[in-house]
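In the two complexes below, chain A is the common chain; its partner is chain B in one and chain C in the other.
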Partner chain A sequence: MVEGGRETNRTGSVMTVTVKSFATFREVMEMQIVLPFPEGATVRTLLADLTSRFDRLDEQLFAAPGTLRDFVNILKNGRNIDFLAGLETSLEDGDVIALFPPLAGG
Partner chain B sequence: MLQVTGKNERYRRQVDLVGADGQAALGRARVVIAGAGGLGSAIALYSAAAGIGQIRIIDCDTVEVSNLNRQILYRTGDIGTEKVTAAAKDLRALNPGIEIEPVQTRITAETAESLVEGADLVLDALDNYPARYALAHAAWDRGIPYFHGAVHGMYGQASTIIPGQSPCLRCIVPSPPASGATPILGVTTGVIGSIQATEAIKYLTNRGTLLLGRVLFWDGTRTEVEILSIQGDPVCPVCGGVS
Partner chain C sequence: MDGYAGNMVFVDLSAGTVAIQPTPLDLKREYLGGRGFGIRLLTDLVDPQTEPLSEKNAVIFASGPLTGTGIPLGSRYEVSTISPLTGTASSANSGGVFGWKMKKAGFDAVVVTGRSAKPVYLLLDNGKAELRDAAHLWGKTTGQTTDAIVEELGDKTVRVSCIGPSGEKLVRFACIINEKTRAAGRGGMGAVLGFKNLKAIAARGDRPIEVADEARLDVVKERVRAKIQENGIEQALHNYGTAVLVNIINENYVLPTRNFQTARFPNAENVSGETIAKTILKRPKGCYACIVQCGRVHEFDGEAGEGPEYEPDWAFGPDCGIDDLKAVVRANNICNEYGLDAISAPATIACLMEMVEKGYVDHPIRFGDAAGMLALVKQIATREGIGDELAEGSYRFAEKYGHPELSMSSKKQELPAYDPRGIQGYGLATATSVRGGDHVYGYMISPEVLGAPEKLDPYVTEGKAQWVKTFQDLTAAIDASGMCLFTSFALDAQDYADLIATTTGMPIDTTELLRIGERIWNLQKLFNIKRGFGRSDDTLPARLLNEPLQEGAPKGQVWRRDEMLDEYYALRGWDTDGIPTREKVEELGLA
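For the complex of A and B:
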């Protein structure tokens, strides 16, 4: 199966997750991409996939390996992962993940 | 105070939309515009033009030449003047039938409570989150609607927060960016400030559907708008995660 330009070879159930980006994140990744993940995948899995696809995304998202920058907001179906299980928040088929850096200027 | 009558030519083109009752509601309204920068300029000009009766506009800065690409309340001759003083002069010239209360101060946790006192709503035209959180919290505690907006470059965001009907600002933006000067194209503040003023006018005239529990994202580089529904923190000490 070819998704998003990368070949995947999954066994078992495959979930489909839609990722949307906003504001300046759109300058380093697609504004929307649909990706397949195996059962058990988490937001951490998803971000690893995204940073492997988009070269400049890693420095936008992470302050250090595994540590998100303070201003990175990630929503799973509208709820911030800070209110769920953070990077370990599990993904489910049909999830919509939104990535946005809040804007501050006035 | 202006009377809304058939003779009121100033508002004739909008009374068809909001009704005489809606126009009267605007005339009675007391609003706080927090920040007299780019967002504040668009919000204040449209609020005054629409006939919002009492506008308290708050800022601690003076006009600088670098403000003038976006802060359309000001003219080159205003450089060096307190923003709220120059803003009040401009707004009174636009609409002498409304009351403008300029307040030269910095918004902090200490000042926020008194600044929102007596307001029917608060419009967020600030440029940093410590002030936004302080103001939004003070408004929330008093049951006062808070109309959030923020910009960066050609991107903008807006959301309408009403206690009991939407998540609070901290639930919408739990992880804010650092404060500091950001690139801003003037029209971006015009777009987002206009959306905030639209929301406030709709609220005051009880018309339309508000951006409750939703964040509008404006992408000026693509000329696209997307609206995301946002749910709060289920254990948020402020709002309890109202969605």
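For the complex of A and C:
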């Protein structure tokens, strides 16, 4: 993972993305974290980074490698990635990614 | 031997008499119970032109065949009447223990007509029923009423469903509360009981509840138990309660804020399910036979109670521009004690706040004023000061001051905690709901936001009409069965059909299950049409159709009624005015 994002960002080659977690995901990762990513990174890249940082996140996110668990919802700036390009949804500088485990209410 | 108690009790309050009759087989077969019994009996007994607050209106309490059978989450009962808020054939559903107790006392349904000359309560006592004096209970809160009846009967096994002072004062959105904190919340059922001078129903008994095929039911029970326990959504309900929705709805930019002026509340985290769990939660709590336990028991600063559920949490919070969790919880507790619908009360306050902000009403309240909000809840609960006007509901209040468009309601019932501009199918479901503004007569949030049973794009209108129809019909059948609607995150139509068939011995498959739901839906619709409702009522406030959302992913969107309504009517077998065709009426046996 690229380090020193703020410095290289001036060159346009690195962007920063804010990740927010909710409900049970907060038991295995930080509530909010800002991470640098190289251009061309996707949600898949971001999740790989997160699971390498937070040990127990992988099993909560994925049912099998590359397959999200049922009812896990990931939003990019308020839009579910399922209606963008799924895990291949590209990241852009300043994006907010929200991660939700299965939940409901009413 | 079919999950039913076998009898219904007809209470004529004007005459002061009770009459017990067997529960008819055809009623069970065609309407199951719960909401089905309620709507069938209501529409049989009451002339469609009846004023809701008149002695000619009827109120029906009914459980379903699965209530109290030990099936996980089989705890519900339903109250049906003509709503004094909406004027529709309406129902409200509650859990807790009372539905089971009603059946243990020997009754599938309580049918109340007439009006008592003085306050009374009804005691259901192991196969018998009697009206008792309630003069000493009048004016008491729901908690005081419950304790007084338990003490008077000297029996801690008795369970009480009652009204508080708000029902007595005929607040149009007064509710009915059982076990002090569980509410048949919407539609003003409490006001109808208040008008009738019926303070409470108390139930006790130990009659056996027997099923048709215990061995087969046990197999189905274990299957549904495993599905519920393994379902991630049900686990989240246990951990965080229903208020876990605050953040996900907010992050989707569809959390109505300041009376639906925006759809994102910057301080949502402060009133979220996660914050509740971290700060005031003492323990989770469940209804009878519940293995999910989404209820919240809270304790802080000497205040103890239950909740808040997502809807009141949102309504007293973001919809009023308030992020003070303790104030939200106190307001919710006042609603439980006085017997007020904790959606309509705060949504009406939010409407006042906008009216004041726009200069249409002169009052010191402002968005974000938690102390002012708390004072208003009490004023509404007892009809004091401006509370007397607000007790008529947001629509009548806003209309009185010349701006009905600022009432965020449908058919005069306040809308729940989702902005339809960013959730198109949900908008169709609530606009066409036969009880007015609503989220539990077909919970489209599940597929459109939460992704269950599958993910539907919330911004798309195509295909939503079919989903809405199916959800509305299935929900009507679940409400009739006595099961909690929250089982639907884990179970499918086959599970419900198997539970009902093995419990009752009736040949119910998935087709028949949905047909029963469709029959209930159409019966409510037909009654509403006779009361003057039509296509123009199947809509939402103009703001939601005309003023685009301003922030986030759904920016620029409005709710697109015209893209869905004709298709919905056609799928229902209704004409373009929304009136069921002769063929549909005959097909459902409603001719």
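Following the convention adopted for this analysis, the second predicted complex is superposed on the first by the 91 of 106 C-alpha atoms of A that agree within 3 Å, B and C clash if a C-alpha of one lies under 4 Å from a C-alpha of the other, contacts with A are read in each partner's own complex, and residues count from 1 in each chain.
The rule is short, and it goes like this: a contact is a pair of C-beta atoms (placed from the backbone, for glycine too) under 8 Å apart; a residue touches a chain by one contact, two chains touch by 3 or more.
What you see is a predicted model, and the numbers here were worked out from it, not measured in a lab.
*Asks:* Identify the partner contact of A:Phe62: answer first if only chain B is touched, second if only chain C is, both if each is, neither if none is.
*Replies:* Neither partner.
*Asks:* Examine A:Phe54 and indicate which partner it touches, taking first as chain B and second as chain C; both and neither are also allowed.
*Replies:* The answer is neither, since A:Phe54 touches no partner chain.
*Asks:* Looking at A:Asp70 after the superposition, I want to know if it touches chain B, chain C, both of them or none. Which is it: first, second, both, neither?
*Replies:* Both chain B and chain C are touched by A:Asp70.
*Asks:* Taking the contacts chain A makes with chain B in one complex and with chain C in the other, which residues are shared?
*Replies:* Common interface on chain A, chain B vs chain C: 20, 22-24, 26, 70-73, 75, 78-80, 82-83, 98, 100-106.
*Asks:* Give the list of chain C residues in touch with chain A in this complex.
*Replies:* So the residues of chain C in touch with chain A come to 231-233, 235-237, 239-245, 247-248, 251-253, 273-274, 294, 309-311, 439-440, 443, 445-446, 449-452, 455, 457-459, 485-486, 489, 552-554.
*Asks:* Report the residues of chain A in contact with chain C in the complex, numbered from low to high.
*Replies:* Residue list for chain A touching chain C: 20, 22-24, 26, 69-73, 75, 77-80, 82-83, 98, 100-106.
*Asks:* Sort out for me which residues of chain A touch chain B in the complex.
*Replies:* 20, 22-24, 26, 31, 70-73, 75, 78-80, 82-83, 98, 100-106
*Asks:* Taking the touch rule as given, give the residues of chain B at its contact with chain A in the complex, in rising order.
*Replies:* Interface residues on the chain B side: 35, 37-40, 124-129, 149-153, 155-157, 171, 173-180, 182, 184, 189, 217, 219, 221-222, 226, 228-235, 241, 243.
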